[in-house]
Every structure is written in structure tokens, then in C-alpha cells.
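As written, the chains take the letters A, B and C, and residue 1 is the first residue of each chain.
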Amino acid sequence: MTIVSGLPHSSRPLASRSGSSRMNHRSVAVDRLASPRPRLFEAVVWLLPAVAYFVFPDNLALGVSIMTYAVAVLALDLVLGYAGIVSLGHAAFFGIGAYAAGLLAANGWREPLTGLLLAGAASLMIGFFASFLVVRGKDLTRLMVTLGIGLVVYELANRLSSITGGMDGLSGFEVSPIFGVFAFDLYGKTAWWYVYGVSLVVFIFLRFVVSSPFGLSLRAIREGVNRMPALGASVNSRLRIAFTISAGVAGIAGGLLAQTTQFVGIDSLSVPRAAEFLVMLVLGGTGRLYGALAGTAIFMIAHDYLADIDPVYWEFWMGLLLMAVVLFARGGIVGALFNLVPSLKARFGRAAQ
Amino acid sequence: MTSNIIGILFDGLAYGSLLFLVGVGLSITMGLMNFINLAHGAFAMAGGYVSVYLGQKLGMSFLLTLPFAFLGSALLGLVAERLLFQRLYKATHLDQVLFTVGFVFSSIAAAHYFFGASQQMSAMPDFLQGQTRVAGVDLGKYRLLLIAVVAALTVALHLTLSKTRFGAQVRAAVDNQDAAAGLGINVGLIFSLCFALGTGLAGLGGALGIEVLGLDPGFPLKYMVYFLLVVVVGGAGTIRGPLIAAMILGIFDVAGKYYVPEAGAFIIYVLMIVLLLAFPSGLGGKRA
Amino acid sequence: MRTDTSILSPDANIALSTEGLTKVWGSFVANSDINFQLPVGARHAIIGPNGAGKTTFINMLTGVLPPSSGRVFLGGEDVTADAQERRVRKGIARTFQINNLFPGLTVLESVLLAILERKGMAQHWFRPLNAHAAEIEEALDLITDLGLEPQAGEEVKTLAYGKQRLVEIALALATRPRILLLDEPAAGIPAGESTEVFSVIARLPSDVSILFIEHDMELVRRFSQRITVLVGGKVLTEGAPDEIMSDPRVREVYLGEGGHD
């Protein structure tokens, strides 16, 4: 064992007090480190959509859009929940991915998986360039720059209507069967499994990212950006990487939208859409990935019911909900659940001993 | 050609005056409490609707509705600040952004519910319509009035902040909240009053701006960027910075729409990013 | 024009030095023409009344503040133009007078991050954190050294203030500095515990050069070999503890001002 700070072992204040409690403190601390290894409840969570698939066969389209948007909200969670960058422009990357996938298909590249990857790559690249602008400012400036990027991309899509279809949107393209076998059907069964698979892969990828040293450094930037340079870390390059990855993932979500609905509306890259992503994330809880999933599901289901009644009411309740979450439930829904579980665990743990 | 340029400058100044009128309150409140308020436009919208309502339902003349637009928005601002916003001064910027975005959504829906989705008109009195010839150039009468009103208000605001006891307290609080509180200044009250003043000015701007900016439920979202820009580019907590920023934005926006209409709002958004990156702490930013 | 005349023969025994280091804000001179040398392995204290410019000096040494004029040398190398993070990688670490930590991270996470940053592994995203056994071991050993083991798994924000001060030091040590700058490491800690903090510092390897700011004269006397007195942004005097303590000018500054506290 190396002598880390050069202190002689005998002088360690607590080293010899109790061997077993010492190991206990250590293992407790190590257990609290983020890990990509799945826990039991996660298997249950990921079985839920599959259950819904069989229980609500008439609502497959809703399931597809929930999972599609969940991918975009996961992307937002990486920059906002982990790195602490508030982005009001994330719909831009979602929309870029959507247009990229749509335009590829419209121009003859109908293979869905490569199309999806290319959509993500397009978004990733633009996100990379945008990230240089985003990390330059601080706080409010940064927020405004993300907003500006969102607005510029929207205006661009609006002006380039010969390519994007402008206000009418992009439609009339088709996507080939997945692996050349599973064709997209009218009921949305293929689309459902496709989006389910992609969102699971994206989730696992992000789970690895946030459980890595890189993920820890993002959280550290969120928690104490001023300390980072004193550890020898260059904050901006770290944030640029996070923003770029996030843009790429958002692009994949957009690609999913285009491929499964075979339509891309210009609202997919609007600022209100970006605000919706924020609402979904905050509703579920930031910085824990599952918050993004839960928030999206609850938001979309509520939207499905309430917006049918009256879209204006929906906007009103959404605003109210957002204010209420900020004032009363800062951890979001998953945060509240996670706060409940340890107390349950403590009770049952004691009973078992 | 020159008269064209003068006309654009003039329209740009009028437009910039409105942006300043709405944005200046935001600048003061942001500088004072470091509170990011994306809902400021909702109070401008409220002022606009007060003016339209009084004009249409009670037949008041447009100019007479303006004080009510100011008072109505100021009152709404005061209530909202006491009940809601003051809970967020110590919150993170993310919370402030989310909360005020939520406020914007709800207020848009509320405006939609009460006044419908359509564009509103203000009943402009005859003597403010048409143009007048000044030094060989045709200038819109209404826009002249706009510039004059905003110029007068700016001077009044400047005098209030630099000469009165209230102004001295505000400046002290902007400079250093804790020190101001230590001097026995009631910072909470100062902020409530500033918030009411700022939202009142925004409401006045909303009413005066019906002719120029339009008025529909989407107003707070549509112009959110512009008002924020005035503050962020100009630098929060000052008057001069936002004034310059508002004029630059106004002129560029009008010129852009005139010379390159196909670019739409594109120019202003690109200008915004460039300005933000060139002046990360604002044009008049005292906080480097 | 060459500007390195003064370092034609860099003294291998000098870990850190400054040349005419000055910081001016408007008309306020925070640091004025400070020429300073920190030998390798030194235990050097900076004392001075409040507002003497001690923290400003540390901030310029670490690259938090750019100097108005003057230069900073690490060994013989001019690092004046280097950003803070580059100087850290070259071996300068510091603690902050006011805790500057990661409130929502656990103690282990904080220290582990510092170690991963030092090793250039912190941008790796393909290997999970808990697979970095060697780094975790190192972090836990350092945490144990500082007596923080019982709190290793707790979030920093839940720790008592004194423990947080120790995390400050742990983060600085995790960068394995050659030069350690401590800005009032025991500030805010009850008198009994401050000795504990300094005894940790005293056990550091002898080739680590330490510069610390401290107000408690008893601690300064016990832990420093040499003292620089800063008053009004200028070096008043420098010398061994006994010389400094008996210097009438220093006594005047301290007794004259201290009498009002």
C-alpha cells in the first residue's frame, strides 16, 4: 500500500481504533460511489413499458412518443442535472436530429439504424460547435446563449423552407424495415420495440457516462465550479464534452421522432418545446436519469388526457405544476421516492438484524 | 436614400424606446436581487390588456388608459412579488428560471382564457395618427410621442435614482445588499417597490407598444428574448447600459427587417449571441 | 528583449518566487512590488493585519488573479501567464480561507476526483468509477490520514465545519503538491482543534514547501521556520519567528491594531 500523503502510519488518528468499523466506513463510502451495475428495481422499471405494451395495446403511439421524448430529456439531464448548465435551446438539437433523419429518408437513405446514427452525428457535430459558445459565458449569459442558439436554429429552419418544408413541416418520406425484416406497421408495434430498444441502449450508455470519473467531474462542476481549477481541472473542456454528447443524444431522440412518425414539424425545434423538456425533467427530478424517464412519462400521459379537453387549460396547468414543483418538490417525483426509500430501508434493515 | 436611413433610425429608436421601457424594470430587479425573471413580459402584457379592456369596455380614450396600465401592472407585480417571487431570491438560478417559465405559461393561458387568442388593437386618437414633417422627413406622430414619453420617463427615473432618498437606498442595495441592510435599509421593502415600479413601467410599455409590438397571449414568450437581451447585453443593475442596448437592438431589428426581410428575426438572434460573447458582463456591466 | 536575466541561474533550492508582484484595483494597491522566495521544504508563514493583501498574494501565486505587474516563478519557470489549473498540474496546490468544496459530493467522491484529476483520468467515461480500485484506495488512505474515515461516505455539506476544513486540506494534498499554500487553514475552528489541523500539516513530507497565512501567533511560532509580515500590501519585514516576534514594528502593527479587536 502506498503512503499517500507521506504521513507515517502510526500517526493516523483513527487507523487502529476499530478494524471492523473502519472497513465498514470504507465500504459504505465505496458503495455510495455511482455504479453502472443495475439494481433490482431497475429491472422492474424497464419491464413497465413492456407491461404497458400488452395492457394498453391501443396506446402504442403514446408509448412511442413517451420513450422518444424520454431520450431527449435524458440528454438534457446530462447537461442540466449533472453538469448544471441550464439549456433553453435543447430542442434545437432534437430538431436537427429529426430533420437530419427525415431528410436522409426523403433523399433515399431509408435504412433506419444508420439513419438514426447519422442523425445523432449531425446533432453531435453542431452541438460541438455550439458548445464553444455556450461554455464561454456564465449563468444568465449562458442561458441566453442556449436560448439564442435555439432561436437561430428555428429561424434557419423556417427560412430554409425549400429544404425543411418550413411551417408545413417535412413529410412524405418512408423508412425501410429494421434489419430489412421488421417493417414499420400501422399499429406502431415495430416502432414501439424499435424506440424501446434504442432508449434502453441510450440509457445504458448514459448510465456508464454518469458513473464514470467524467460523470463525477460533471457533478463536481455543478457543486463547486470554483474549486475545479484548484484541482487542476479545466472546466470548460469538460463542459464542452458533456454538451456535445448531450446534443448527440438529443439528435437521436429527434431521429426517432422523424422515423416513427414520418413527419417533422418545425415546432420540434422551437423554444417552447425546449421548455417542455425542462418541465419534464424537473417534474421527474434532475441528476438521476430515472427522473427524466418518470417526468417524461407523467408529463406526456397528463398531456394526452388534459390537452384533449382544452390545450389552453393544459398550458395553464403545466405552468402551475412547474411553479409548484419548484416551490414544494425540488427533487421531483423520483427525488421524493428516493427520500422515502432510505427510511423504509432503515426500518426493514433493523428488523432483519 | 438618406431619408430612408433617417426613417429607419427613427423607427428603430421608437422601437428601442419601448424595449427600454419594458426592460429597465427588469434590469433594476435583476441587479438588485440577482433574480432571473423570465416572466417580466407577462406584466407588460397585463398592462396592454388593461389598456385594451378600459378602451373597449369603458370607452376610455387611449391616453387616459395609460396610467391605469401602469398602476394595474404595478399592483400585479407587487402582489406576485410578495406572494411568489420573493420566495425565490435565495433559490438557484435554475429554480428561478423554471418558476418564471411556469409563470409565463400560466399567464399566457390566462390571457388566452380572458381575452381570446386574437391580436388586440388600441383605439388611437386621431391626432396621433399619420405622419408629421420634421426637417424634411416624414415621421410617425405616434412614434414621436413614444420617444418623447420614454425620454421623459428616463430622465425622471434617472433623477429618482440619483437625487432621492429612495434612489440612494436602491443604489446602496444594488451595490451591496448586506451592507445596505446593515445601514438599516429595509431591503425587502426596497425590492418590492422596485419590482412594482419595474412591472408598472413594463405595463406602460405593453400598453404603449400595442401599436408597435402588437398584443396577443403569446406576447410574454415572443418578446422574452428581447427584454432579457436589453438587460443582459446592457448589464443588470444600471439604466444607461440597458438604454444603449435597447437602442442598438431596436435599430438593428428595424433595419434588418427593412433591408433583408427574408432573414426575419435571424439577424437579431445572431447579433444577440455576438453581443453576449463579446460583452459577457454587459455593455455597462459594473460587475466584471 | 529577453526578460529572463534574473533567472539565468535558477536556484534549485527555491521552489517558488516572485518578482515585483503588484496588484492594483483602480487607486487601491492591494499588493505592491512583492519580491518573495520560498525555499524547497520551507515552512513559511505570512502574517499581517486584515486587509494587508495576504489572500491577494496567494491568489496571484495560484493564478486566481492576474497580477497588474510582476512575475511568478515556479522553480526557475515563469508561470505568470499560466491559468490556475496549469499551475496546479505543475505542483502548486492551495486551500481556501472560506471553504470552497463540493457540498453535494461525499468526502470520498471529492478526494477521489482530485486524485483522478491529478492522474489525468477524470475525463474518462468508459470505465466506471468503482473500477478504479487503486485511486479509491489512495483516496481512502488520505481520508484516513486526516481522520475523516468515519465521514468518508457522507456528503460534505453534512459535515461539521472543522471536518470541512480538513476536506479542504485533503483536496489540496490529493493533488500531491510540491508547494502547498494554506490560506488560514484553521480559520473558524475551535482553538483545540486547530492544533490538530496543524499537526496534520506538520507531518507532511519534508520536501513539500508550505506557505501559510495564519492569525494565531502561537500557531505561527510553533509551525513556521520563517515569517513574512505584510502590511498595506507591502512586505514590512521577513525573518525567523523569534526575530519577527521581537521586532518593535511588528509589535506595533499587532498590538496597535489588535488592541481594538
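Assume a contact is a pair of C-beta atoms (placed from the backbone, for glycine too) under 8 Å apart; a residue touches a chain by one contact, two chains touch by 3 or more.
Being a predicted model, the structure only gives us computed values, none of them experimental.
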**Message:** Let me spell it out: compute each chain's centre from its C-alpha atoms, then which one is farthest from chain A's centre?
**Reply:** C
**Asked** Which chain pair racks up the highest number of C-beta contacts?
**Response** A-C
**Request:** Could you name the chain whose Cα mean is nearest to the mean of all protein Cα atoms here?
**Result:** A
**Fill in**
Cα centroid separation, chain A vs chain C, in Å, comes to 40
**Asked** Between chain A and chain B, what is the gap in Å from one C-alpha centre to the other?
**Response** 35
**Prompt:** When the C-alpha atoms of chain B and chain C are each averaged to a single point, how far apart are the two points in Å?
**Reply:** 47
**Item:** chain B residues counted as touching two or more neighbouring chains
**Value:** none
**Asked** Which part of chain C faces chain A closely enough to touch in the complex?
**Response** 62-64, 83-86, 88-89, 93-94, 96, 100-110, 112-114, 116-118, 121-130, 132, 136-138, 140-145, 147, 149-150, 152-153, 171-175, 200, 203-205, 208
**Complete:** So, in the complex, the side of chain B touching chain A is made of residues 30, 36, 84, 87-88, 91, 93-95, 97-99, 101-110, 112-113, 221, 225, 228-229, 232, 236, 262-266, 269-270, 272-273, 276-277, 280-281
**Prompt:** Considering the complex alone, what residue numbers of chain A touch chain C?
**Reply:** 1-8, 11-15, 21-22, 25-26, 28-36, 208-209, 211-217, 219-220, 222-224, 226-234, 237-238, 241
**Item:** Touching residues on chain A, where the partner in the complex is chain B
**Value:** 80, 84, 86, 88, 133, 136-141, 143-145, 147-149, 151-152, 155-156, 158-159, 271-272, 275, 278-279, 282, 312-316, 318-323, 325-327, 330
